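Following this message is one structure expressed as structure tokens.
Residue numbering begins at 1 within each chain, and the chains themselves are lettered A, B, C, D, E and F in the order written.
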Amino acid sequence: MPEPWLPGLTTQTPQEGFDLAVKLARMAVKKTQPDETVREVLRPRYAGDAGDLIAASHVVAVHFATIAAANDYWRKPS
Amino acid sequence: MPEPWLPGLTTQTPQEGFDLAVKLARMAVKKTQPDETVREVLRPRYAGDAGDLIAASHVVAVHFATIAAANDYWRKPS
Amino acid sequence: MPEPWLPGLTTQTPQEGFDLAVKLARMAVKKTQPDETVREVLRPRYAGDAGDLIAASHVVAVHFATIAAANDYWRKPS
Amino acid sequence: MPEPWLPGLTTQTPQEGFDLAVKLARMAVKKTQPDETVREVLRPRYAGDAGDLIAASHVVAVHFATIAAANDYWRKPS
Amino acid sequence: MPEPWLPGLTTQTPQEGFDLAVKLARMAVKKTQPDETVREVLRPRYAGDAGDLIAASHVVAVHFATIAAANDYWRKPS
Amino acid sequence: MPEPWLPGLTTQTPQEGFDLAVKLARMAVKKTQPDETVREVLRPRYAGDAGDLIAASHVVAVHFATIAAANDYWRKPS
């Protein structure tokens, strides 16, 4: 069995939580378009389109909300 | 009575929860467009469109938030 | 007084909750466009458009989040 | 002082809560475009556009989530 | 030090909360486009576009959800 | 080790929380398009497009919801 790509939602710091949110956003794209070659072709296109970048940022925001809640907003000293 | 396609929101791991989120996102598409032939025609189109892929990733994010809450963020050791 | 179309948010199963989410998404469209003839004309159009299908799936996801919370995520055995 | 258009978020039934969500969605449009004549011109346009209808349905879904939470999901008998 | 434009999220009434949501939605636009002249040029354009108006209404809905939660849904008599 | 760009979600005031939300929205764009030159080219384009500005405002709204919850809505006197 391969190592799980998502072992959990808990992170040491908010910043690591943010990076995890970015990862989750990308992973969902990967689930819909599993072909890496196609994704490589699309990447420069949406990375150069303002509307797509904002839309991608939106998805990160939704995942970050989930991760922040999972970490009780990193309120307690770790 | 057929086996329910959605027996519950509880999953053993976060990763299974993520896969369930992908499933729910697709199921809602299926409810709006029940004709599999049409969906098969559309799939390569949106799988090759950056904006559509990001939008699909967004829907997964919303379902993942629900599933994560349902699992209390997989905080407790299962 | 007619039977209410939305008697409550509680459902026996997650799957019924998902169907209710689909219903709520459609009902809001109906409130904005009450003319059934127009809706009938539009239906095949958005059911054949990948972007519209994903957008419709998104609305279902938001309603499903509400309904899942209302049912305490169907955690307890009913 | 005029009667407030939004006296509260509590409603007797889920269905009234849904209608309030529709009202809130429209009121926000009104705040951005206060000119009724312009809104009257736009209404048939978006009421005949599948994408706009779905987008409007989305806004209703977000408000309904808020109103449902405000009413504790109408769980208790009123 | 200038008066803060956002002293808090608490409002006396739901309606004031709604107006604050509209304010927050506009303020975020201002943060991205600080030039008032440009914003003045854009305003009539999006105020006359159905899709933009619905999108703006959506942003208000998200902020209203936050403000409503901050005010515990104005449940208690103030 | 460099100073973290996101040390935490707690802010002294709601207004600082709003500014942090704007920062998070931008940071997610940066993660998808790390090339500052490209971002500089895109900035005036979306800052002059009503739809993009509203979309950016939407992302800020989602992050602000998270930050507001993290700060318990700044209810208690600090």
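We adopt the following convention: a residue touches a chain if its C-beta (ideal position, glycine included) is under 8 Å from a C-beta of that chain, and two chains touch if they have at least 3 such contacts.
Just so you know, these numbers come straight off a predicted model, no measurement behind them.
**Student:** Applying the touch definition from the top, give me the chains sitting in contact with each of chain D and chain F.
**Tutor:** Both chain D and chain F are touched by E, going by the contact rule given at the top.
**Student:** Touching both chain B and chain C, which chains are there?
**Tutor:** Output, common partners of chain B and chain C: nil, no chain qualifies.
**Student:** By the touch rule set out at the top, what is the minimum number of steps from chain D to chain E?
**Tutor:** The least step count works out to 1.
**Student:** For the sequence-identical pair chain C and chain D, what is the superposition rotation angle on Cα atoms, to the nearest 5 degrees?
**Tutor:** In degrees, rounded to 5: 60.
**Student:** Over half of interface residue numbers shared between chain A and chain F means same, under half means different, so which is it?
**Tutor:** Here the answer is different, because the shared fraction of interface numbers falls below one half.
**Student:** Measuring from the mean C-alpha position of chain B to the mean C-alpha position of chain F, what distance in angstrom results?
**Tutor:** Centre-to-centre distance between chain B and chain F: 27 Å.
**Student:** Taking the mean of the CA coordinates per chain, how far is chain A from chain D in Å?
**Tutor:** Distance between chain centres, rounded to whole Å: 31 Å.
**Student:** List the centre-to-centre spacing of chain E and chain F in whole Å, with centres computed as mean CA coordinates.
**Tutor:** Roughly 16 Å separates the two chain centres.
**Student:** Note the residues in chain E that touch 2 or more other chains, in rising order.
**Tutor:** 46, 49, 51, 55-56, 58, 62, 65, 69
**Student:** In graph terms, with chains as vertices and touches as edges, which category applies: line, ring, star, complete, or other?
**Tutor:** ring
**Student:** Reading round the ring, first chain E, next chain F, what is the order of all the chains?
**Tutor:** If we begin at chain E and move toward chain F, the chains come in the order E, F, A, B, C, D.
**Student:** For the complex, give me every residue of chain F touching chain A.
**Tutor:** Its residues touching chain A are 4-10, 24-29, 31-33, 38, 42, 45-46, 49, 51-52, 55-56, 58-59, 62-63, 65-66, 69-70.
**Student:** Could you pull out which chain C residues touch chain B in their complex?
**Tutor:** Answer in residue numbers: 13-15, 18-19, 21-22, 46-51, 53-58, 60-62, 64-65, 68-69, 73-75.
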